[in-house]
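One chain, subunit A, links the two complexes that follow: it is found with subunit B in the first and with subunit C in the second.
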Partner chain A sequence: MSRDAMIDEWYPVGLLSQLLPEGRETLLMGETIRVSLGADGRAKVATTAGHPLPVTERYGHVWSSLGQPARPLFDIPEAEHPGRRLVDVGVVRVRCSPLRAVENFLDIAHFPFVHTDILGAEPHTEVESYKVEIREEADEVWATQVKFYQPQAAKSASGGITTEYMYRVPAPTCSVLYKTCPPRPGEWDVITLFVQPLTEELCDVWPWMALYDDDTPMTDLIHFQQMIFLQDRSILENQIPRRLPLDPGMEIPTRADLTSVAYRRWLKRHGFTYGAQLVAQ
Partner chain B sequence: MMPLESALVWTPVALSADLPAASVIPARLADAALAVWRAQDGTVSAVADRCPHRGMRLSHGFVRGEALSCIYHGWRYGKSGRCLAIPAHPALTPPETIRVATYRAAERDGIVWVTASQEAGAVPAHDGFLGLRSVTVAASPARLAASLGGTLDGSVIDGTIGGVTARLLLASSGEEGVLLVHLLIASGAADAGKIAASRALEGLRRQAETATITGEAA
Partner chain C sequence: MTSPSPVLYDYILSPSCYKARLMAALAGVRLALRPVDFHPGVEHRGPELLALNPAGSIPILVAPDADGDLILTESAAILVYLASKAAPAFLGSGKPAESARIQQWLAFSARLTASLGGARLHEMLHRPGDLAGLRASGIAALRELEAALFEQRLKGEAFLVGNRPTVADIACFPYVALAPDGGVSLDAYPSIRLWMRAVRALEGFIEMPGIHRLHELKPDPHEAPATAEA
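For the complex of A and B:
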């Protein structure tokens, strides 16, 4: 276990819309922190000893770090296009490694079995070849040309369609999904998974969305995404070991798991091992 | 206490009646977590409770026909433990090396037994008895035997419960200080006797657990 390499990264620690002047205590990588609304109307994050921590306000969330982030929080340019509905989904606490939560988000092969009749359905289980790369310049994992048949791809979808996806991992506990947008062909809906590592085996997951959907009530959009994530939680809390194995041999990937393989390789290369299990352990 | 802690002896893990056709349940063999499943044809199998693909518990899976599937990605395993199919790649025949560890499983007297040993002999016989109900009890074997007023021999307690001749088989629940207890009663018992024994078992559990908490001498 090591906090070293991951300590200088940005992590979500709360919703901007729910900040309170008296603040709220939460955990970041085992450390108790307080997230509050300052007198100037800005978010404040501090250790319990009162030591201030870095703050970024973006994508509906407050972001902070126990270390000194070398670069600003990653960009999601599409999320800032006008006309999108920005959806604060809320928080789901999961007893699993923050890295396992991200890896599950990158996986499509589980759709027919875990999100049955919503994001997938038998007999449409095949995962066609897609492209995976580590984009060296941006230092991000990308999977593109991911296609999957979905009975109800989004709240705004009526009937089954083949959905196209792109996945992006811009930070060790964050992923951005670009997904075919049923009401607006040619555009991509943005669905993110921001994971707050509470400990190596416990996390708060903050999904967030930027959608082209003017019709569906906000409550329904939130319920849809929460339902999906609660289905994922039943998996995430029952994987053994709880931490993500980074060395080969412990688990058996196939061609459908190339995104997860690249994610694990990228984590290992950077020494992002908070929530990981290494052979030496 | 050897019998409760060794994976190398036949261990009672469930009642046959609690494992219907085409179903899977979690079980414990000493320190090992198992998934015990019954195929459509009635055969009982036991495997390690972990899919080698992404570590998901197979006891959360589902049984179709003669195969156990993982709930996460649908990987399908046969009775030999070998992976038969990977739904993400329907045209692929999984290599023989993809398999889940298997254990010997057998049924006798309405009880499902498992062992990690290839050498373990015949499944223990409890002739004249039939499995009625399984419960967990947070008490030691000695305390449980004392509460029943029965005799403890290894992992078996003989006595009378609810006026019926009874035998308790003890196994590890996987939780420290908690026993898995299978109640067996005379196989000819009438329904009224079964109901009385089942209710009395709940009373016995309360008594043994209360005695454990208050520290009464066993």
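For the complex of A and C:
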């Protein structure tokens, strides 16, 4: 629809570990931008006309904005605790609305069908009741006490366990997932989905993780997450309508959808409509 | 004493590596997987892997053999090796025409890799390339495959060479099944879709991301408590 309200938000535009002095061109909300490594060793982002754009370097990625962000990039305090392995998963391009990519990430009901025998399994398809809220002070969507039976919850899990999740949406195209951590009961693994909106129907997805796992080789951690995400890709590319409908009544919510309903409501309240569909078609 | 398992230098999203994993699963061969950080790390172009395969591609299979390690860097050769070791029926009956037709499809599969695989890398992982050209050559290859599989069906045969699966099917299946990842639809190819079902129904079949098992073969779907869409 419009990119007005979303224009002042931060978006991921590249991996810090892969910056090149000559730079790389990419799209942000329809605009061509160049992401490069400056002579001072810092990331630089500019429009093709050479106009510099705001830059933040955090969580393994370069973040930028076409507008003027009113706030710094959201905090993930847990991710900066020492002792975690930080995993750059890379990028996957998906022909879908950036908002659809986030919404799918929030949906646990698809686990047994799409991530069969890994994140879910038949006949354990029941979603137990959990709590969803829009936290007004932080201005974020949160879902807590989400419990689900998982055959292989993480690379480090050796058998089926009931996993607890918390989901958080701190920015229109980013979601942070906190998940029971098999090797360290009491701590949460952090798994994020950072989505770069290229256009309203095309996005680059940059998953990133901060895990307590000292044993699994880095490549295995990357592959596990890529495997999970690629199981979603063809489904995301075939969703109808292509843009995320924000008007209530278009899809009938089940319990699993409550987070998605809150997410849509929060987007609508802020006028975050880039990649959204407002009128039922 | 059993000899140690062959080592497969593997990437979970690589259809070429999946060919080797699938063949091994169908043949009942255990592989030791050595994950390669293909993306984002580009480990296949690093010194350790280039020493094994100067072409800078995966899969690579390192198999202990009578005369020392056998190093194979072409998926077609890997399939033939695994089948010869443990599932010779996948090499056909040995009749001259049949063996030759299998070779024909193994060579053909490289065209699928270059075209449909190239379009997929471009669309999914940002690999530079002439997308329209890759798709056009992928579609040309799919049309050849569809015509051949249609002829097979008229003969009452479900697979590329005869009425049972061979390495030819395993070599061609992954890039065809993942064509939509590169923006090439399979809607226009009914014989290909039937053939893909036949491959997915094989005893011992395994999945890869983007290629799902046949949920449809599971017990009565009407008893499922929820719907399958996200």
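In this text, the second predicted complex is superposed on the first by the 279 of 281 C-alpha atoms of A that agree within 3 Å, B and C clash if a C-alpha of one lies under 4 Å from a C-alpha of the other, contacts with A are read in each partner's own complex, and residues count from 1 in each chain.
Just so we're on the same page, contacts are C-beta pairs under 8 Å (C-beta built on N, C-alpha and C of every residue); 3 or more make two chains touch, one makes a residue touch a chain.
Small disclaimer: the values here were computed from a predicted structure and weren't measured.
Looking at the shared chain after the overlay, A:S234 reaches both subunit B and subunit C.
When the shared chain is aligned, subunit B and subunit C each come close enough to touch A:A109. In the superposition on chain A, no contact is made by A:L119 with either subunit B or subunit C. Legend: residue contacts after superposition of the two complexes on their common chain; A:V141 is shown touching neither subunit B nor subunit C.
Within the superposed three-chain arrangement, the count of touched residues of subunit A is higher for C, of the candidates subunit B and subunit C. On subunit A, the patch touched by subunit B and the patch touched by subunit C overlap at residues 107, 109-110, 113-114, 122, 125-126, 234-235, 254. By the touch criterion stated above, subunit B contacts subunit A in their complex at residues 33, 49-50, 52-57, 60, 69-74, 86-90, 92, 98. Note for the complex: subunit C touches subunit A at residues 11-13, 35-37, 39-41, 43, 123-126, 180-181, 183, 209-210, 212-213, 215, 218, 224-226, 228-230.
The touching residues of subunit A, counted against subunit C in their complex, run 15, 17-18, 88-93, 95, 104, 107, 109-110, 113-114, 116, 122-123, 125-126, 204, 217-220, 222-223, 226-235, 237, 254. The part of subunit A that touches subunit B in the complex is made up of residues 107, 109-110, 112-114, 122, 125-127, 234-235, 238-241, 245, 250-256.
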